[in-house]
Every structure is written in C-alpha cells, then in structure tokens.
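In the two assemblies presented below, chain A is common to both, partnered first by chain B and then by chain C.
Showing the complex of A and B:
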C-alpha cells in the first residue's frame, strides 16, 4: 500500500484542477514488495479500467521495467503474472504523490495516502 | 422439484429472505418463494432444484441453522401423517437398514419428554428397521412444532401448535460458525463504532462478496465491513475522512489497525488499499469501477459523519491568514488537518446513491445501513432516495424499539454511465422530511417531537 492499482485510479481533485491531473508523480518513496495471491479472473476484469501508459510510467518510476509499452492483445498467464506483480505486489509505504498540474502534494504515511484537500482547495 | 424445510436462526427475521435470494444469486440460481411466505416464521418450506442448492445455501446463509428434506407438514399430527404416508417414496429407501436418530423439538415451547416419546411412536408405520444411533446416525429425522408465542403455562400450551413439520436432515448451516470467528471482542483492532460480526456477515452476503469482485467502503472506519467481504474472496478498498480510524494508535512501528485485524483473519492481502479522503471530495479517476459499495455510514450516535468545510464562513481577512497558515503547515512535522463540518444523514444517504450510480459497474450493488425513527418511518423515505437507474432490492429492519436501522440494498439496473454527483448541500424545501433526517439530534432528544422537549 499504496499499490499501483490504486495509484492508477487516483487523480488530483483540487478544485479547478481538471486537466493533466493524472497520474500523480512519486517523490521520495519507500517501496516494499509483498507477495500476493494470483487471481487471473480479477486481473482480466480490471484491465479495461486501466490507464495503461500511466501504469507503465509509474512502474518504471519505481524501477520496474517489466511491462511492455502497449497492452498486449493476448492475455496469457505469463503476461498476467507480470501484470499481477506490478499492480498488486509493489507497495509504496512512504513518500509523496505530486499532481503534475497544480503540484499539490499528497503524502503517503505508513502505506496510507492522505488525499484530503485543504480548505482553499475545495472552493 | 423436491421441497426442503429451512430452519432459521431466531434473529434478524427481516434479513432472511433477502439473504436467501442474494446467496442463491451468488451461486447462479434463482429461488421461488412460496406464495404465503411470512419471514417472521422460523420455518419455511421451499422448493429447490436439487440437494446441491440446499448445500450451497446452508454453506453461506448466516441465518440458516439447518435444512431438512421435506416429508410432511400439517396443522395437527393426523394431517401430517396423511401427507407423510403419501410421500413414502421419499423415505422408504431408508426403512430397511439405515441407522437413524429421531429429533422432536419445538419453537417457542419445550415438549414434555413423555409426549416426545408418543410423537416418535406415532411414526411407527414408517417401519424403520435400522438401529437407533444417537451419536453417529446415518440419517437424522426431525419433527418440529411451531408455536406462535411462548406466553402462558407450558402444560396449557402443549400440543396447541400452529404447524408441525417433518423431514430428513440434509445439512446443518455452516456459515453461522463465522459469527464467532469474526467476534469483535477477539479482534486485534476495533473501535466503539465497529459493527457486530453477525450483521457484518449479513451485509457481506447482501454485497454478493466473492472471488474476483472489487468492493469499496467509503466510510471504512475500523474496517468491520472489509474483513468478512475479503474473507469471501473479494478485493476491498477502504476510505475514510478520518485516517486515525483506519490506523489506530499503535504508531508507525506497526501496520495500520485495519491491516492488523485483516491479517488475523488471513485476508490482509485482499485489502487493496486504505485512503484518507472525504468522499464528497474524492479522487476517483473514473466511474463504473466497483462490483459493490458496502458501508455503514456514521449516523451520529457514537460518531457523526463529517465532510470538509466549515460550519460558518470565515471573513475575508481570516481566510487570507488561514491560507498562509495552511501553506506553511504543509512543510512542518505536524500535518495540516483541514476543518470539517457535520454531514447531515439524509443528504449523505441521497449522495451515497448518486455516488454508487457513478462508481458501480452495471448490475453492481449498494448495501448500507440507514438508521430511522420507527414512528416516523414511511416506505417513501427509501423510495425517495433512489434515482434513475437505481432500483431497490431489499430493505430489512433491525429493530431497537423507538428506532431501528435498515439494511438497504440497491442495484444499478442500467448499463449507462453517469457523471459523479455534485454533493449539493441544499435540499428541496418541498420534499417530505425523511425519518432519518437529523437522526443524531432526534436520538439525543429521545425521539420526542421538537416542541415537546422544552
């Protein structure tokens, strides 16, 4: 936690920040790898929701280069295992997630991201 | 189709039928309820396509104690025996040499031993020749008398039952054991708002929790809902405006409290992530994400719901000073904590339905508790919360006397995508005031009318 599956679903939501507000950039992160049960059906169901380039970028930011630039058409078990590892086994435990547009900092502490907005950001 | 006698647990009667239907749906079959179906009665005779379906129900329904193959019922024993004889093809194969145990018991009554013996004797025409084995019988035959109430003297009441049922035990309900397993008192992390385990399991069944599903709890708190849902195989996201609820007080040396409890149940891996945010200001990138949203929103008796904002607007000067303070606080050790204001329950409930319509996949479910003042409650309170595309599936009351909480199950019955809700803070002034509005205030007034108090 924060896993990349979550990172792929979180956009900056500061008032008025509606474009270029995803994906959030990582800074000063501590990463932990934890084994997780492989569930190919879950992955197949979730793939249509993924923003692929954002996932590839985030994984590479964290030093994992195993994903191809394009989502392959054939979802074989080898690929799903690679995807499983990137989506669910890489945990950002500490650090900051920064909005590429408004530069809002979302801190991650003990694996839990603080996505609360400040008073002036909710309008 | 073969018939079965369902023997229910004596609690949460309004939850029985919704649970049956949900668990059947989860396993991909439909059930047809009997025409006269009174959920308040402890026995139900139900047609099922196969014994396998009975086993699936008993393996997952929290409120099923036993399922018997139906042989007969009647308003008295004479009637019962007529039916039982006509159904001889169901039991005659056991008559030759199957060991058995004969159970005679009652609901709302204790049958005197002498009459229990008489009842067993009255079945002698079945001519069961196998040996009676009280410990390890091959089959258990059960005879259940149903009394409407347990008031009055036992000897006066005896034999004046409403209905008697007879059948062969197919399977004991195994899901009830989970109530003990998830007992809050034995949980490594919980709070004063944690949901009791039986009810959280009922919610997990309404949520159709199962492997490969993605479930979201937007008022995650101490995680009560997450554990049974993850136990049934689903992946769970939790968020809460108050991160302390999810973390607990153990500090940074230990994992957050919700994860410690999840680990105790062997499901930590299925807690996908926990996030701190206000659901009215949420960072979800897109909709149509979750199979189920299941939540017990804080309704204010122990902890009221909050949203970002201030009760009263600040003056312009103060606003400017405040922004300066917020910017500088970002960089210091102590994190900035934004101000919050109460989130009134009827607004929260209406928002929750709109949010679910945005975030749920088609056919996804929203399952949540709504406390209401029983005297003022009308069905329209729930109907009025619905919006286009959202359909009520079930509405079950857990009654506490003057108030109660309703487990509401709503289905997204559309394949259309909807925009996120705008979380407006004004309500339509002409609309009926639902019985859950300002629930907290009403609770502390003792549910008296406002004018009666002074």
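Showing the complex of A and C:
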C-alpha cells in the first residue's frame, strides 16, 4: 500500500546518505488502483508539503501522465480530483524502491515496504 | 502485570499466533481504543481540519481503525511482519511500513501533522545485541531526532507506554529533550494501580508562547475503575435505611412455591399467614 502520498515523503535513511537521497526510484512495480474518498480540504492543506517535481516524476514512472509539469496556480475541482487519484488511489503492491544516492534497495511486498536496515547501515 | 518486552523482541514475540490473539482479544481492543481516543485528545489537533498522522508501532491497526473513523489520513510503521499482515487482512486505510523505529525514520522534514504511539516505547528499552547501535540510548536518540524532524512545526506527538521504573522515564524524557522536543509526562489516574496510564506528550515548536502541558485525569475513575464490578447493584439492594434486604423473604418463598406448583412438584406446602414468617426466639 505504498501510495504516492507517502512515497513523496520518503527519503533514504541509511547512515551517511544525506544528500540526493530523495525521491526513491521505482523498479519492477505492480500497481493496483483502489478508489478512496475524495477530500478536497485535505488535499489543499497537503499541497504545500508536496515536492511537486518528484511527484510528477514518480507518477510518470508508474505510467500516469495526468499531472502538469508545474503546480497550477488555480486549484479547481478537476485538478484536485486528478491529484487525489494520483496521490491516494494508486497503490504499489510489489516492486523495489531504490535510493538514487546509495542504491539501497527497499523491497515492497504485499504492499508493505521493508525499511529495515542492516547493522552497518544504521546511523 | 505481564511484560512481553522482556520475553522476546517485538518482531519475534508478535509472531503469527500472538498477532492474531492480540488483535482478537476484545479486552485489548477496548483498552487500545480508549488509549487512542485519549491520545488524540492530548494531541489537540485543530478541529475540522483533516490531518496527516503517523502511527508509530501501528501493529494490526487497532488504533489506525479509530484514526480512519475520525477522518484522519495516516501512515503506520511497525516492526512485526505478522502484525502488519493482520492489518492488511483487516483492510485498514493507512499506508503501512515495516520499519524498526530504533533505526530512525527517513521521512522528509515536516511531513506529519502529529504522531501517536500506543504501548510501544517500552519495547525500545531492551538491547537485543551488543552492537553499539542496538543500545537503548542510541536507539532512542535516533528515534526521537528523526521523528522530531519529520513532524511539522508546531505539532505534537503523544506516546502511551508502560515504564517499569522511574529511571526509564528519566532516560526517555531526557533523550526526547535533547532531540529538541518540549513537553513532558501526563499521568492519568496516578493513584490507581489498574487504571493508571502514562502518556508522554511531546511538542515540536511552541509558536511563540510556551505550550501548556495538559492535566492528567484524576479523581473519580470512569468505567468501574477502583470499584468492584457489581457493587452498585448491591448498594441499591440495601434499600433506604441502609439495612440489607433479606434474600429469602416472603416474596421469594412465594415465588419459589408458585414455580414448584407450576412444574407439578408434589407436596409443596400451602400458603398461609405463617409463610415466610420469622420464628421468635424461644426464651
């Protein structure tokens, strides 16, 4: 159940991996779409927290090209609905997330990413 | 009081059977739900604003279910795969992560509007290996510093936990303070052995003024805490003059006789003015 909303917040936390550790890249992913309730107020509050280019990139990696390159000034309902779909309805079920800097692999199985580190990777 | 954290590390203790058992136990569900509501109360989020919360040690999603119900969007982390599997079966709404909180989080700064954690911190207080990164102070430091940075300013994090000594409380609060948190301990029902609950209430930022630590619940405990279960009923039976009504009084005897007659029992004595009357002492 990695949704893009959490993927957009997730950086690599391996010891010493502090720059260029975001966003994690997807590999060999299986995606499932699940509908969820549309909540425009939540989205409006959440937009300032989003790293927009990373979100657009991740969505394209998963084959969804509905988002514009730039965050539009006007937040109309149509745009919020597309954003809702990308953020909350696309679930990554299986695959691997790879840190762009240290190449640490975080496997995703059954929708749950394994974020455990080995002893030497703990900061 | 049982202390499962002394038996085995969480990912082993909460194996398949224990995870199912824990989740099905209605008493656990009730306690977890009560503590989650109280933690949300202490979190003091602005009403009518959908918040994005972190559930630390979400387990099988017992507390997450309540977050769903209250309309929050949340992300849960836990170290026990079996517990997460149960959470998947129960179809909770939040995103789940398999993560050791003692290794720290990788969330971007300011990700969450708040964090709750129910019955988790005590699990961080045991060293599993002799490696320096598995000593409790190191793990707590890593946990609190990464958590502090992933919370928004201002926001709160509320942890319910079961400390086994004052030293443990001291260790946890001092490390949390070093990580930059304000706040402190809130103890509900401090004088009750059964109902006592310890909450660690931590603040990120204060927005100028000092944040006020909420008061712990005190005094009359709700839900039969302290009193034996059927005490109230017994008290009612005592009647007005404080004397306990006899259990086998005339009414009771008549009822019983009626019942026996209805069942067709033979030789039920007939009712008279002497039925159920007290024998006077002979002298």
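Structure notes:
Methods note: the second predicted complex is superposed on the first by the 122 of 123 C-alpha atoms of A that agree within 3 Å, B and C clash if a C-alpha of one lies under 4 Å from a C-alpha of the other, contacts with A are read in each partner's own complex, and residues count from 1 in each chain.
Convention: contacts are C-beta pairs under 8 Å (C-beta built on N, C-alpha and C of every residue); 3 or more make two chains touch, one makes a residue touch a chain.
Nothing here was measured: the structure is a model prediction, and the numbers come from that model.
Look at chain A after the overlay: chain B and chain C clash there.
Judged by the touch definition given at the top, the superposed model places A:116 against both chain B and chain C. In the superposition on chain A, A:79 makes contact with neither chain B nor chain C. Looking at the shared chain after the overlay, A:52 reaches neither chain B nor chain C.
Of the two partner chains, chain B is the only one touched by A:105; chain C is not.
Among the candidate segments 149-157, 167-175 or 329-337, the part of chain B whose C-alpha atoms clash with chain C in the superposed model is 149-157. Chain A uses residues 1-3, 5-6, 8-13, 22, 36, 39, 41-42, 45-46, 49, 51, 88, 110-117, 119, 122 to touch chain B in one structure and chain C in the other. Put simply, chain A touches chain C in their complex at residues 1-3, 5-6, 8-13, 21-22, 36, 39, 41-42, 45-46, 49, 51, 88, 110-117, 119, 122-123. Of all residues in chain B, only 211-212, 214, 235, 237, 239, 241, 243, 246-247, 252, 255-256, 259, 269-278, 281-286, 288-289, 308-310, 319, 322-323, 326, 330, 335-339 touch chain A in the complex they form.
If you check the complex, the residues on chain C that touch chain A are 49-50, 52, 73, 75, 77, 79, 81, 84-85, 88, 93-100, 103-108, 110-111, 129, 131, 133-134, 142, 146, 150.
Interface residues of chain A facing chain B in the complex, by the touch rule stated above, are 1-3, 5-6, 8-13, 22, 34, 36-37, 39, 41-42, 45-46, 49, 51, 88, 105, 107, 109-120, 122.
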